[in-house]
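In the part that follows, the structures are each spelled out as structure tokens.
Shared between the two complexes below is subunit A, which pairs with subunit B and subunit C, respectively.
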Partner chain A sequence: MKASPFLGPLLVLPALGVILLLFVWPLLYSLVGAFVTGEGWGLGNFAKTVELYRSDILFTFLIVGLSTLLIAVFAVAIGGYLVLGSNPRAQAILRWLYRWPLFIPFIVAGQLMRTFLAKNGLLNGMLVEAGLLTPLQTLSFLDWRGIVIAFVWKQTPFVALLVAGAMAGLDRSMFEAARNLGASRLRILVEIVVPQVMQTLLVGLILSFVIMLSVLSVPLMINAQTPTMITANMAFRINAYGDYGVANALGVISYLMAGAVAWIYLRYAVRERMEQR
Partner chain B sequence: MPSEAFLDIDRVAVRYGSTPVLHDLSLAVGRGELVALLGSSGCGKTTLLRTIAGFLSPTSGRLRIGERDITRLAPDRRDMAMVFQSYALWPHMSVAQNIGYGLKLRRLDRAAIRAKVEDLLAMLGLAGLGERNVTALSGGQRQRVALGRALAVDPEILLLDEPLSNLDARIRQTVRHEIRALQRRLGITAIHVTHDREEAMVMADRIVILDAGRIAQAGPPERIYNQPASPFVADFMGADNSVTLEADLDGASVVIAAGADHAAARLARDLLPTANTLPGQGTFSLRAFFRGEAAALVAADEAVTGDETEALLLTGRVLAVSYPGGVWRHEVAIGERHFLVDDATCHAPGDAVAVRLPARHLFLFPADGTTKPRGG
Partner chain C sequence: MRQSRAMIASLIGGTMLATTSLAMAETLTVVTAGDQNMVDYINEFLAPRFEAANPGNTVRALGTGPGDAGSQMIYERLAAQKAAGATDVDVDVAVVHQKMAGQMVEEGLLESYRDKIGTGDLVTRDTAKMALGTDVDGYVMPMFHSQTAIAYNPALVPEPPQTYEELVEWVAENPGQFGYNGIKGGMSGVSFVMGWMYAFTDQGEQLMNGPFDESTEAAWSDALAKLKAFNENVTFSPGNAGTLDMLNRGEIAMGPVWVDMFYTWQADGRLNPDLKLSLIGPGMPGQPMYYVVPEGAANAELAAKFIELATSPAVQAEGIVERFNWYPGIDAQHVQAELDDATWQRLFADVGPEDLAEKGKPFPIGPYFDAILEAYERQVTN
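Let's turn to the complex of A and B:
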């Protein structure tokens, strides 16, 4: 039976339609919308955005950037312990435990962190009970620190899962060869293991960066003050003022941030590929 | 056997969980000696090497280098360097970085590292490849980089874990000799794990045959080959044809009665390589092991009188003949069994022939329970 030359495109069409309709169209719409002001085309929305939300944009970038760095450190530490650790029981427990936050939605993570990090929360309660703090010295962590803790707690398992998988795929005798020559575990992790899983680590971190950039629930729940993250500002512009122009401009700025890290990754990937040749 | 042990393995036992892998194994290796650990997969040879390297801890027993007890020392404190079967080169580093890594760990300055790496590259025939990525090298070159990385730290003992098994046959032949020559030149002590009989024969000063976690036999290659200590060793070293015989033993000779598939023979004990494994007196069932290439074919009617003191004759019939080059290869049916025997003259299929097994190449062992299972 000879397939019709139109069959292939026809089969692709539904998927393509969904992407065009639900992704490309809204993306273009919001991109264009960022440049539409009350007086026609212009950069008015961006001027207003910079004037009102300059510190929030910086805040967002720093929070997400810091979280990404911490996620990298924890994910590498978890993956490293799973491949290089010497205590099989501790490894088994860690392997079982570390994935749990993956199954918890951001909004639940936010709620957990509220009860954990508040001035009268579980963390301070434990510190007081342990005699490390007096009740008068307790501080609420429900500010930028709370957001970072929630993000790192929620996203580390995701990156650790990818990284640990890549590490487990490496030839174990590569670690033994290094140990045989006198490298400590930490050096093996930093000099032998991490460089070989760098691609996977970067992919995980970029995906995390983009996900964290788009989370609304956590900043709303944990950080009800200014400066805050631009997702909260976007929601506010739309809900309080119906101001889609500034919200779109904030959206474009977060595209740019996501685009910048993707660009860094692509440059790295291309360079890697050139070196492999 | 070296008079003075340099590496002394003293009644070492190793288990994986509850499974014993090495049973109170003792072995002494002399300084500058190349010892091959030979055995089929699962015999414990790699376990022994990894125990020596310090990647596994023995449950009992001691390891010593000279006077120094190294049983509980970390792998890098033992003055040993290992070459891995997979080479275990680090693909994100250049050739020079791979070789120089151990020196970097020892905090040598850059110039000293570069000089040492250049020396090694030249010695290993890799000059000019220092900046190359290891993934861009051929198998033989990678193998030499792995060797260079191990030699860079000037180890007292070089551990080789099947270093040639990933090379194709032609390169393997030359690399064998290269490694052997290098080891001689540097005077380094080496322990070489392999499952390749010929590789062990060509490279080693001494071969240690392991079977199920125990040493089946240890000795120079020619002794292992010509005087196997057990049916297992005989079989493993290529004497994998065997027949069962009934024999009367006395102090000086082994008298074999004529059977359905063999002629009578009276072989002097001092002609038999394995005479010391035979009981002194009495009637016994024996198993004779021989190599196909040690046998010769004679036409059934050409048997020489008096030959029965020199050789055992198995009587049979030629089933098929082929010419692999140099000699004719005959498939000969003897009783229920078929043997491949090479001979310079061609015997036609259907001919009655005798397979002549010279006493010097006949390995006789008691056929009772002391026979070890094949493989292992």
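Let's turn to the complex of A and C:
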């Protein structure tokens, strides 16, 4: 029996419909909304965004960028120890432990950090009890540092999971050859392992970057200072003023940030592929 | 349990409503802005009483979240249903903040019901007639009144400042010891900023009563520059609860809080019992929350009955004052008669009735409210 030529497209339709209705339509709606002002079409929302939130935009980029770098370092370190480590027991414990934050939602992470990192919170309390600090020396980490700590803590396992999987798939005989020639483990990690899992690492980092860009709960719960992340400003525009225009403009800026990172990755991936040919 | 059931019910939404409204037993949908305690109050306190008085009917309560954000969600839900031409609106009673109540009345989203209920004439305060400059007479019944004040730790601050002016001096001498949550972390911080504007611009009366005049904004720059300098010596807290947490952990010695939240936390043992309140001059804002009935509500009659019960002196006394430490929504004398003296006095332990009358201010009218927030963003945080 020959399949009807319409069957294929027909089967795709529901999925396509869902994407169009639930993703493309709201995306276009918010993109267009960014250009609608009280006086019709215009760039008024962007002017106000730049006037009021330029430092917040820069702050967001720096915070998320720094978090992404730290995540890369920790994820490679965890993945590296899991393939190259020499103590099987430590490896087993690490393998068991490192994934835990994966299962904790951002808002819970925010809540944990809020009491953990406060000036008289758990972390400082432990340091004081241990005699490492006096109560007068304690500092509150509930500012940009708190956001970075929460982000890195939450997203490292995600990237580490991907990277460790890719590393486990590499040919171990290469490491052994390098070891026999006298290379240190760190050198094997940096010069042999990481270049081979670069693609996977980048994918994980870009996904993390985009996810962190969109998190509202963590800056809201941890960072009381200004500047703050643009998600908090978007929520504020809508909740305090009912102003979707500027909120949409901030959204467009966040698309642009995510888009820029994706573009960098695509360029890298294309170049890699060309070189492989 | 009850709440999760209510959530599921709301997901099933419109179709459910259509079928239940055919039957004799009605389900009254009450949607409330505000913290979880609002939902608890309706579920645990009002619903059983209403269901006992009206056998066969059930109440389900939904919360839309704290602050103006919660009211904004209710507004969007009603505005969307009106735009779609819905006849049976799926919200019977809503509990909203002042600012949104005005906007809803102006856009014709609410029904005038106060004359139809027995408790309608128990409230004569101006908040029942005007909401931040908008005439809402007849459309609202205040559920409760709330007030912000400065909470302080007497061990660290034996003589708390009595005015904003004194507070500024105190903060200059004790940097980092005063904490508030800015304007993006909840209404207690917003309230502090509005009180600041009443204190340091000479436009207090106009800000509270209108009329709105865009040119007044030019005269705010001194007050805002002063606030920017003040903020240099301030510790910022994450949210209304954040201020209380920091007070409790001894990280700050003073900060603006909601009076009801303060007393409730103290009663629950979540806050140092030694902390005290002071309402500083010239005054800080407070606000009521309103019961409103949407235009075209599916169970409008039952809704009116519900609000009548909720604003009766007995319920206001036991529920609003005794359980939740709010100031009553209806006039105080009707409620005081229902309570023993000790309970009534507890409500005024730190902030007496005279202080409240003199220094309890409304928020600025809607357009000034937004303009002040944006001026703060532009000049203080930038």
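Following the convention adopted for this analysis, the second predicted complex is superposed on the first by the 277 of 277 C-alpha atoms of A that agree within 3 Å, B and C clash if a C-alpha of one lies under 4 Å from a C-alpha of the other, contacts with A are read in each partner's own complex, and residues count from 1 in each chain.
We take it that contacts are C-beta pairs under 8 Å (C-beta built on N, C-alpha and C of every residue); 3 or more make two chains touch, one makes a residue touch a chain.
Values in this document were obtained by computation on a predicted structure and should not be read as measured data.
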Inset, instruction - Superpose on subunit A as described above, then tell me if subunit B and subunit C fit or clash. - result: fit
Inset, instruction - Using the touch definition from the top, say if A:137 reaches subunit B (first), subunit C (second), both or neither. - result: neither
Inset, instruction - Please work out whether A:87 is in contact with subunit B alone, subunit C alone, both, or neither, and reply first, second, both or neither. - result: neither
Inset, instruction - Please work out whether A:118 is in contact with subunit B alone, subunit C alone, both, or neither, and reply first, second, both or neither. - result: second
Inset, instruction - Determine, for the superposed model, which of the two partners subunit B and subunit C contacts more residues of subunit A. - result: C
Inset, instruction - May I ask you to decide whether A:235 touches subunit B, subunit C, both, or neither, giving the answer as first, second, both or neither? - result: second
Inset, instruction - In the overlay, answer first, second, both or neither for which of subunit B and subunit C A:171 touches. - result: first
Legend entry - Included angle at subunit A between vectors to subunit C and subunit B, based on C-alpha centres and rounded to the nearest 10 degrees: 150
Inset, instruction - Check the superposed model and tell me the shortest C-alpha distance between subunit B and subunit C, rounded to whole Å. - result: 48
Inset, instruction - Name, in rising order, each residue of subunit B that touches subunit A in their complex. - result: 53, 55, 75-76, 80-82, 84-86, 88-92, 101-102, 105-106, 133, 135, 149, 153
Legend entry - Residues on subunit A engaged by subunit B in the complex (per definition of touch): 171, 173-174, 176-183, 187, 192, 195-196, 275-276
Legend entry - In the complex, subunit A residues that touch subunit C: 51-52, 55, 114-115, 118-121, 140, 142, 220-228, 232-233, 235-236, 238-242
Legend entry - subunit C residues touching subunit A - in the complex, by the definition given at the top: 67-69, 72, 75, 181-185, 235-239, 242, 245-246, 249-251, 370, 373-374, 377-378, 381-382
